[in-house]
Structure formats: structure tokens, C-alpha cells
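Listed after this line are the structures, all set down as C-alpha cells.
Same chain, two partners: subunit A is paired with subunit B first, then with subunit C.
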Partner chain A sequence: MILRTLIRNTNLLISTLLILSLFSFVLAFLFPGDPLENLSGLTNLSEQEYERVFLAYGFDQSYVTQFWIYLNKLFEGDWGLSFASGIPLWQELSLALPASIELSIYSLFVSLMIGIPLGFWAGFKYHKPADYSLLAISVVSYSLPIFWLALILILIFSLSLGWLPLSGRVSLLFDIPEVSGFMFVDIFNSEIDNKNAAYISALKHLIMPTLSLTIITAAIIFRLTRRSFIDVMSSQYIKTAYTRGLSHTQVILRHGVRNTLLPILPLFAMQSAVLLTNAMIVEFVYSWPGVGNWLIQAISQRDYPAIRAGMLAVSSLVIVVTIMTDVSAKLINPALVGENHAEN
Partner chain B sequence: MRRIDFYEDDLYPSPLKHTWQEFQKSHIAVLGMWILAFFIVLIVVGPFVMPFDPLLQNPNAVLLSPSWEGSGSLQYILGTDSLGRDLLSRLVYGCRMTLGISLLLVMIAMMLGVALGATAGMAKGVRSSILNHLLDSLMAIPTLLIAIVIVAILGVGLVNSMWAIALALVPQFVHNTREFVRNEMNKEYILASKLDGARKLHLFFYCILPNMFELLVVQCTMALSIAILDISALGFLGLGAQPPSPELGAMLSEALKVAYKAPWSIALPGLAIFLMVLSINIVGDGLRAALRNRLTQ
Partner chain C sequence: MYLNRAYQILIMCIVLTLSACGKISSVNINDAGIIYCSEGNPTSFNPQLDTSGTTSDASSHQIYDRLLNFDPLTGKIIPALASSWLVSSDGLTYTFQLRRQVKFHSTDYFQPTRNFNADDVMFSINRWRLPNHPFHHVSGGKYPYFTSLELNQKIDKIERINGYRVELTLKSPDSSFLANLATDFAVILSKEYANQLVQQDNLQAIDNYPIGTGPFKYINYKKDRYIRYAKHSDYWRHDSAVEKLIFDVTPSSSLRLAKLITGECDAIAYPSQSELNVVREREDLTLDEKPGLNVGFWAFNTSKPPFDNPKVRRALSLAIDKNALLETVYFESATSAKGLLPDSSWAHQVDLIDTSYNPVMARKLLIESGISDGFSMDIWAMPVERAYNPNARKMAILIQRYLSEIGISANIVSYEWSTFRQRLTEGAHDSVLIGWNADNGDPDNFYRPLLTCAAIESGTNRAMWCNPEYDNLVNQAVLYSDTKDRISFYHAANSVIAEQVPLVPIAHAFRYRAHRSELKGLVINPFGAIRFGDVTK
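Moving on to the complex of A and B:
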């Protein structure tokens, strides 16, 4: 059973990734301009050079061969060059992606820490003032447009109060070489004098982007947890547990918590995709050098190779995260297996 | 839910009426509905009552603060922006654009999604299996991400972003319709109609659709709030509506340059988006709760 789930999802993962890379290949032909330039990112070539690139990408052969060569190049890390900067896209992406992942992971962690306990608390106080006020706060916070929220935070904490820095990941005074793309790891590995000051600076830069992401994600997680807890507590087996003479605490700890969290685990998978999208907007507002900011710049500059590579990277990341969360949810909770495709 | 009338007949409300009664029990939901109604009235009558054209620039009144602050003037109640355009008029036109476009997009997405979903729900075999797999993966990707991808292909602009969002909203409608239709198809009242010789089209329009109405309304409110957030987000990122168009997101991104001097020009358009989305979410929540209460009774 477990093996079947794993195989099925690996198949799904591989075929989806293949479709995504095919899609990104086709994009080079759909975009305006020369497909070869869109694939390689090389512009203004002399005739001999063009001929060389033409052969290197297999453009004298069938589309199937071209796609095969493209796939090989993807695996070798040769994603082409950016029109705007002329830097290899793989190099740019390998610095931009970790920055986005870093931001998303921190805010996901904080959101879970806030959302789940509050969800239980509200479910506990179902239809009491505490529940109503938490519910009201959650509706308000997930209705907030994230870009506006980020701007308001800037207006309050940077411009009015001057407590937190406006943009970026770390103060420009620190010259930290970007190796892994994860700021704290890079600071740790760097050879600057005052590392502690750099840590504090990085932390200060992190607060506002994380906060604006957290406010919205925590509200959604809160609502999922609360609804699930209420549904569980009104079910038959909880009543049975009470009739067996278990105390309130025992019922909740033994039956409530576990059964509340199990069904919402796969929903968190969807939230991680939403979180990543929101992170893209937040990056744009705070000039955070992540993949979202990078992709949006590429779209406005009509940097077609960068759009192609950025979209492939972002969508692959979303798919990988979604499928992995889905698989782990199914492994923890076998009741989910077959639910999606029960009819097949 | 039983009311007794003068002749002591038992009164059983129709399902729609019943949901409406349940909905009205929540005062907050009704309040949300009134705010939403206010916005809808605003987008209809707004252009007739607004004092200024949203694109009219007045070089003598640049960056005026709202009228209740020191340097404000009563002529421009909510102040002006960096080109001397009346903020109130721009806001009203902005709501008109953002909400109006979103309503249109949700309608398009709903029709397309329901048609596809119904076809998928009634189909069997390989065709439905492929569609289901595709949908499951599409559902996992947020609409804004799909919209950004589509905008990247089509190019930047309001019309392109509208297409993008409409297409991005479709999978959710397809998914929900398919699930619902599939469940209903196994029920006995459908079997009865089938035995009467009803064709699929008849089955869908006369048997399933009436039962699906409330679900669709709930789904539409969710899609509407997503559409508003997405269209203004794309405008804000410079991928959708372009300045000087009074789209709320585009207004926000224009106001960024003067955020220091005119914080109200950032606060107000965002507040408008927030209030619209909030009222829609409250109504949606209220409807969902009402449906749940009706079905559990």
C-alpha cells in the first residue's frame, strides 16, 4: 500500500516535471523573437557563432531531438543566459530560489506556531466570545491584500517609527559573499569581523516580510484547524470516548488533537503554494532578492529566457512541495489513500 | 424551521428561503451584505455623482491632503495625488474597474467551469481520469501564480491579465462542479429521471443545477474575492492595468513614489480593496454557515 502510494506519486511527479519542461521548451517558440535566442539567451551573434549555437541546440534536427537536447542541458545546469544581465540563469536562480524558500519557511513556521494553537483554542471555546473575536480577526486578516499590508507595515515601522529597515536582506555595510543563498548560513561561513551585528541586521530585515506573510497564512491555518477541531469534537467517537468515562483533557489529548490535525495536513500542501505566491509579492515590495521579485522584473523587461527559466523553477518547486506534502500526509494517514482517485 | 400562521398550517420554507432565513440570523453577515451592496450601488451610480474626471489633472492642487487635515480643501474631499487628480473620484472609478472586472471574470469563469465540470462529472473512463489528474495538479497551484504565468506568455496589460485571471479561476469551478455532479448522478432522483428518458442535458439543467445553485453562489463569492485580490495584485506589480488607469492596484503602485509625502494615497485605495474583499468574505462565510445549518437540520 505504502509502496503503491510512493510509486504512484513518483510517477505523477516525474510526468508533471516532464510536462513542465516541455511547456517551458514550447514557450521559447511562443514568445516573440527567435526561438533560438529565447532558448539560449545569446543575442547579437555573428553568423559563425549563430551557426554553432544552432547546431548545439539541434535546430537542424526534429523537434523531438531538440527537446531531448534541451532536457539534457537543463540537467547539466545550462539554462541559458539572461537577456537583461547576461549572467547564466541557473546561477541567478540558485541564488534567488533559496532567498524565497528562506522567507517562506520562516513564515510558514511562525504561522503554524500561531495558527494551530489558536485554532484549538477557538474550537475549544466554540460559539463563545473568545471564538467569535478570534474568528473576526482571522476574517479581517485574510481579507487583507498582501501588497497593501506590506506597504502599511513599511509606512508604520520604517517611515514613521524608523524601527526597521525598508528593504533588502541585510545592511549594505556588510559584504557577505552569496554562496548558499541562505542568509544566515552565508553569514556563518563568511569571514567578516562583526558577525553578530550582521545576524541582527539580517534578522531586522526579515521581520517585516515574515510578518506580512504570517498575518495572512496564520489566519488561514487558524480557520482550517478550528473547523476541523469542531467537526472532530462533534463526531460519534468523541461521544463514545466521553461515555467511557474519560476526562475532558484525556479525550482531547488522545482523540481530539490527532484526528484534528490529520485531515488538514494535505490542505497545508495547498497553503505552501499560496504562501510562495504571496512571498513573490512581498519580495517585490521589500526588494527581497528572491525568485518572485526576479521573475516580475523579467516579465516587465521582456527577458524571455529568464521568464522561461523562472517559471520552470517556480512551478517545479510548487509541484515538488505539493506532491511531497501530499505523500507524507498519505503515509501518516492511510485513510487518505485512494480518496482522490477513488473512482478509478 | 417551522412557523405557525394564522390558520395554524405548518409552514415549510423552500430550501432557498430556508438558507436566506439562516443567513439573516447572523447580523455580521447581513452587515457584510450591506457593505457589498453599497459597493455595487457605487459602481453603478458612481460616475454620475462624482465631481471630477478620474484622469483630470489640476497642476494647482498637487498632493493636497484630505479635507479634514490642515492643508486640505473641501473641493477635494479625500485630497489629490501627485498629478493633482481627485482621489475620491479615482477611488470610485477604481472600485468600478476592479469590482466590475472581477464580477465579469467570475461570471466567465463560472460558465466555463460549470460546463466543463458537468461534462467531466457525467463522463466515465479514460477521458475523465485524465481530466481529473490534470485538475488535481492545477488545483494545487494558486490562481495568482497561474495568472502570472499566463501574463508572462501573453504580455503585460489589463486585457491580458483579465484573460489570465479568468482562466486561472476556471479549475476550481470545474473541480467543485465535477464532484457535485458525480455525487448527484448516483442518487435516486436522477435515476428516476433517467428512467423517464431524460437526456444528459435535461438531467443537468432541470435536476442537478437547481440543487447546485447555492453551492455555486458560495463558490462565486470565493472566486470573487480571489479575483479582486489577483487583479489588483497584478496591477500593483505592473503586470495588469497600467497607470494612469484608475485600477486600485495600479493606483497603489503609482502612489509608492510619494509614499513619504502622501501616505493617504496609499492607505485609501488599499482600504477600498480590503473593504470589498472583507465584505465578500463575510457574505461567503455567512452563506456557507447558513447552508451548513440548513443541511444539518
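Moving on to the complex of A and C:
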């Protein structure tokens, strides 16, 4: 049964990625300009060079062959060059994507740390003032436009109080070579003198972007947890547990927590797409050198190869993360698998 | 793998929190370097190739030196790599004595084995001068500053007398010639580095991985993000430059100001006119202002009727109220322009009479020239902000309203900047709101590129105006080296302009630079790019 889940999801993953790469291939033809330039990113070629690239991309053959060559190139890491910088897109993406992932992971982590406990607490205080006030706060923070929220944070913490820097990942005075793309790892591996100062600088730069993402994500997680907890606590088996003479704490620890969290795990996975989208907006506001900022630059500079590659990378990442969390949720909680109900 | 990474980072966070509690580094990293928030990406690191201010800011005075310099305070030409020079009595031959013991940058891509000498000067000048020079066609092979002033044709020959002496001969005397060698564009490159690149078959690198003698050497550059420089420890002038210089590329002017307030930048490029008061009100920030060597104007396309008629042009110039334009567009950060030259130029004519706002007279002139029921015309407004015209569109709207009072209906036209300039050069416009930023302190740098016949071809004469009398005056002026003689020619040229009105000078704008108050030694250089060599913190 586990195997079947895995196979089904792997199929889903492969076919979705295939469709995405097909779509990115078609984009090169839909964008203005020469499709070959949009695919390769090579511009102003001499006639012989053009001929060579023309053949290398199989442009003398059918569209199917061209797509096949394109797929092969994608796997080899040859995603073409950026119009704007002339640097291989794969190289640019492999530095930009980790920055976005880093930001998303931190804020997801902080959101879980805040959202889940508060969700349980509000569930306890169901229909009491504490519950109502938490719910009200969550509605407000959930409905704040993230763009505006990020700017307000800048206004308060950077411009008025002067506590936090408002752009980038670390002060530019630290020359940290970008190897992994994850700032703390790169600082750790770097050979600069004052690493502690660099860590502090990186942390300071991280606070506001994480906070603006967290305010919204934590609100969603809070609401999901609270609803689920309330549902669980009113269910038949909890009542049975009480009649068996278990104490309040025992009931909650043994039955409440696990059964509250299991059904909402896949819902968290759905949030990863929203989180990444929000992260891309936040990146733009805080000049965070992630993939969102990178894509916006690409769009404003009409860098078609970069738009194509960025679209493919971001959507692939979202698909992979969604399917992987989905699979792990199903492995932990077989009740989700559908018609194959396990006896429990 | 994903979770694994997350785990790693979690560990890092814990490590970090612990280490932060432990000890806080005693060295304050902020003292070690200067961050300058610049407005855009340079096109290369060689200012010979580009007249854009962004490129010069990033290279001219940071990486390179010139034979001569302008004193930013007095505008006088002072020695730089040439320690002294001699001009022959016929004004044709210039002999430069070069400075000894000047070292080029030593980086991981080039280690110099010899000091700067005459070969480097020959190489740098011949690169833009001779079309058959091996490096002439590298990086596009266009040297806009030198070709627009026809310097490549003015130089007859250049000879190496000995290792530290160079002799340069002109075809005809030109008293503005020395000033050109002191501009941002006349930088000195390394011949030895060029030889190394020839061997490596990597000529292009000379403009992207620069080597010079300036106070800072190039470390790395990431487009849209930053340029890093480090101190050149063998700099010939002094050893007091800061260890690190960083250009943080920040295109949005409000973001630059925000970063200045938080201290993420020590200095910023082009604070916007509407934000100047924010800088003035804060004690930790300093706003420097200086009258700039520029002029914003409204040029008529004199090759098209009815603008070929001086009477019509005069009528249009009387129809607008310059003072109102100054207040609304420049927020009073400019002075009204009477002629081409700003007050700070030595050839500025004090008694020049400004045109006054007189719509009645304007209508009368139009009727006299046979246009009684008005006409329709285009006003081209440039799409970018420049000091000499921070908001051409707004100005165009105001002018539109003034023109409607004398029965002329005006359309406002704008294109993307490079298309805009290209179509201007083709002469597709009726009139245009644009301006000029001088590259050196010589008045010739205003009179020649803006209105001479030759400048129509090179694309800086926006009025498409060709007047033999004016050309003659401008050419005569550079034959004399005494400023008194030259002034009389420029004043005569002013009267020709006042009579013919090929353009209406509008404003000479101030130049502003905002920086944090702890930054010392940053002066506005009216003759071009920013200089960080003498800045300390």
C-alpha cells in the first residue's frame, strides 16, 4: 500500500514536471523575439555561431526533437544564459533559490512555533474571551496585505527606531563567498575574520522579512490548529476516553494532540506554495536576493530566458515540496490514503 | 534532503545564538569600509567607452588616474600622473613629464612587474585615437566623448621621448585640449596588463577586470547588487584610503534615502528633489549642494518650419514663464539660466539679458511672421530624471498651458530613453526639453557640442541649428589661450544665440549629494564623477 502511494505520487510528480518543462519550452516561442535566443540566451551571434547553436538546439528538426534536446539540456544543468548578465541561469538560480528557501523555512518554523501552541490554547478556551481575542487578531493579521505589512515594519523598525537594516541578507562590508546560497552556512564556511559580527548582521537582516511572513503564516496555522482541535475534542473517541476515567491531561496528550495535527499536516503543505509566493513579494520589499526579487528584475529587464527558467524553477520547487509533504503525511497517517482504509 | 538542510540551518541558528551571547567582536566592522548607494549598473569599468555618469562614478576616480586633474574647488587643472607639462609657444606641442614610482594594482588576475611609464600613456591614448590599434575595437570600439569633440582627429602624433616623457602634437591650436585630458574619460590603462591579455587571448577583460593606478582596486561585481573595491596599498598619492569601498546598486531613490537613514549606506547618489528636506532636517545626515556645470533647455528643431523662423522661436521663448517652471519643476534647487554657461564658469556673461514672460509680445511676433491663427506642435519630454531637468514631463505640461494662451496647441511626446535619443538625432522632433551636463570646466564644452554644425552629426545639437557665424566664433575662441581673448568670442556667440534663439535656456540646477555626517572628505566634483580616494570615516 505504501508502495502504491509512492508510485502514484512519483507518476504525478514526473508528469507534472514534464508538463511544466513543456510549458517553459513553449514560452520561448510565445515571447517576442527569436525563440532560439529565448532558449539559449545567446544574443548578437555571428552567422557561424548562430548556425552552431541552431544545430545544437535541434532547430533543423521537428518540435518533438527540439523539446527532447531541451529536456536533456535541462537535466545537464544547461538552462541557457541570462540576457541581462550573460551568466548561466542555472548558476544564478542555484544562488537565488536557496535564499528564498532559507527565508521560507525560517518563517515556517517560527510560524509553527507560534501558531500551533496558540491554536491549542484557543481550542481550550473555546468561546471564551481569550479565544475570541486570538481569533480576532488572527483574522486581522491573516488579511493584512503582505506588501503593506512589510513596508510598515520598515517604517517602524528601520526608519523610526533605527534598530534593523532594511535591505539584503548581510552587511555588504562582509565579503562572504556565495557557495551554498544559505547565508549562515556560507558564513560558517567562509574565511573572514569576524564571523560573530557577520552572524549578528545576518540575523538582524533576517528578522523583518521573517516577521512579515510569519505574521500571516502563523495566523493561518493558528486557525487550522484551533479548528482541528475543537473538532477532535468534540468527537466520540475523546468522550469515550473520558468515560474510561483518563484525566484531562492524559486525554489531550494521548489522543488530542496527535489527532489534531495529523489531518492538518497536508494543509500545511498547501501553505508552502502560498508561503513561497509571499516570500517572493517580501524579497522585493527587503531587496532580499532571492528568486522572487530575481524574477521581478528579469521581468523589468525583459530577460526572457530568465523569466522562463525562473518560472520553471519556482513551479518545480512548489510541486516537489507539495508532493513530498503530501506523501510523508500519508505515510504517517494512512487514513488519508483514500479508499485503502487501514484498520486502526 | 530538504529536511536535512533545514536541520543544518536549525543547528546553525543555535550555534549563532550561543556565539552571539559569548562575545561581541571588538573590531567595529563599520569603520573598515564605505558603502555608497549608487543609482545603476555601470556598462563596463572603462570610462573611455561610455559617457554615462554611472560608469564614470564606478571607475574614473576609484580605479584610475588621469594625466591631469581638475581641482574640484577651483576648477583649475592640476598635475596628476603628469607631474608637469609644457605647451609650446605655437600652442601645438604638449610635453608631459610623468610621475615616477607609480604602481599599478596587483590583483589575483594581474601582478605588475614594472611601474607606470610613458608606454602606458601611449597605449591609453592610442587605443581611442587609432582605428588600427589592437585594442581599438575591443568592447564595441566606440569612444563617444573623444569622437564627439573630434579629439581623435585633432591629435597629429604622440611620441615617447623617454620612459617618463611624452610629447603630443596637435594639428591646430586648441586651448581647451588640456581640459579634455583631465576629464573622467581620459584614464590611463596598463600596457603591461594589455600585453598579458593579448597572450591569454582575452582582450575583452581589459574593460571588465580593470587595472589602474587609482586608490582602489577592483575585487568583484554582481550586476544589480554590488561592486566591491579594496584599498590599493601602493597608491602613489597617500596611504589613507579606507580598506573597503562598496557600491550598493539601488535604483530607487527613496530606497537609497531609507538606507542612508538606517546607516546601510554612507553616501547616496542623486537624492530626489522632493526628499531634500528630509535630509536637511536630520542631524546625522549631511546634504552638500553646489551649483552644477549644467544647463536645462528647450530646443527647437530649426530644420523644420515654422521653427526655422527666428521670429517664431523668439515668440515661443517669450510665451513661457521661466520662474514658474523653476518653482514647480526644480523646487527652487536651480538658478534661472540666461545663457548656456552657469555662473561658476569663468566665461559667464553677467550682463546677459534674460527673456521675460510676455505673451502679448509673443502673439504680436507670431502675427508678424504670418501665423495669426496659431498652429500645433510637439514637445518632446525626456523620460529620465537628470539634475538639469528632474521632471521634463511636468515641465512640458506647464509649457503646454502657456502655449495655449498664445493659440498654439502642443502635444507631449516621450519614448524610452535610448529610442528617444536616437529619434532626436534623426531630427524627428519639433521641440525638446533636454539639457547638458558638462564634462570639464572649459566653456568650449558647452558651446561646441550644443550648437555647432558638426554636433548635428554626432547627435548633441538638439536644435539642429547650423550657423556659420556662430561656428566661426567658437572655433576662433579656442585658438587663443588667454581667457580674456576667449571671453570676447563667447560673448559674441551669446549675442548670436540671443538673436537667433535656437534654444531657450531654462535652468542651471544645483548638484546634491547626501551622506552620513561621520563621513569626511567627500566633496561634490562639479566636473564629473564621484571620488572616494580621500574620504575617511
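Simple rule for what comes next: the second predicted complex is superposed on the first by the 338 of 344 C-alpha atoms of A that agree within 3 Å, B and C clash if a C-alpha of one lies under 4 Å from a C-alpha of the other, contacts with A are read in each partner's own complex, and residues count from 1 in each chain.
The rule is simple: contacts are C-beta pairs under 8 Å (C-beta built on N, C-alpha and C of every residue); 3 or more make two chains touch, one makes a residue touch a chain.
This structure is a prediction, so every number in the text was calculated from the model and none was measured.
Of the two partner chains placed by superposition, only subunit C is touched by A:Asn194; subunit B is not.
Contacts of A:Met324 after superposition: subunit C is touched, whereas subunit B is not reached. Looking at the shared chain after the overlay, A:Leu203 reaches subunit C, while subunit B stays out of its contact range. When both complexes are overlaid on chain A, the residue A:Phe29 reaches neither subunit B nor subunit C.
Of the two partner chains placed by superposition, A:Trp68 touches none, neither subunit B nor subunit C. Legend: residue contacts after superposition of the two complexes on their common chain; A:Leu159 is shown touching both subunit B and subunit C.
Residue contacts after overlaying the shared chain place A:Ala269 against subunit B, while subunit C stays out of touching range. By the touch criterion defined above, A:Tyr237 lies against neither subunit B nor subunit C after alignment on the C-alpha atoms of chain A.
On subunit A, the patch touched by subunit B and the patch touched by subunit C overlap at residues 154, 159.
The touching residues of subunit C, when paired with subunit A in their complex, are 2, 5-6, 8-10, 12-13, 15-16, 19-20, 22-25, 27, 29-30, 32-33, 35, 219, 223-226, 228, 244, 246, 248, 250, 255, 258-259, 261-264. Against subunit A, the residues of subunit B that register as touching in their complex are 28, 128-129, 132-133, 136-137, 139-142, 144-145, 148-149, 151-153, 156, 182, 225, 229, 232-233, 236-239, 249, 252, 256, 259-260, 263, 266-267, 269-270, 273-274, 277-278, 281-282, 285. Note for the complex: subunit A touches subunit B at residues 12, 16, 27, 30-31, 136, 139-140, 142-148, 151-152, 154-155, 159, 269-270, 273-274, 276-277, 280-281, 284, 295-296, 299-300, 307, 311, 314-315, 318-319, 322, 340-341, 343-344. Those residues of subunit A whose C-beta lies close enough to touch subunit C in the complex are 84-85, 101-102, 105-106, 109, 154, 158-159, 162, 164-168, 171-175, 182, 184-185, 188, 193-197, 199-201, 203, 287, 289, 297, 321, 324.
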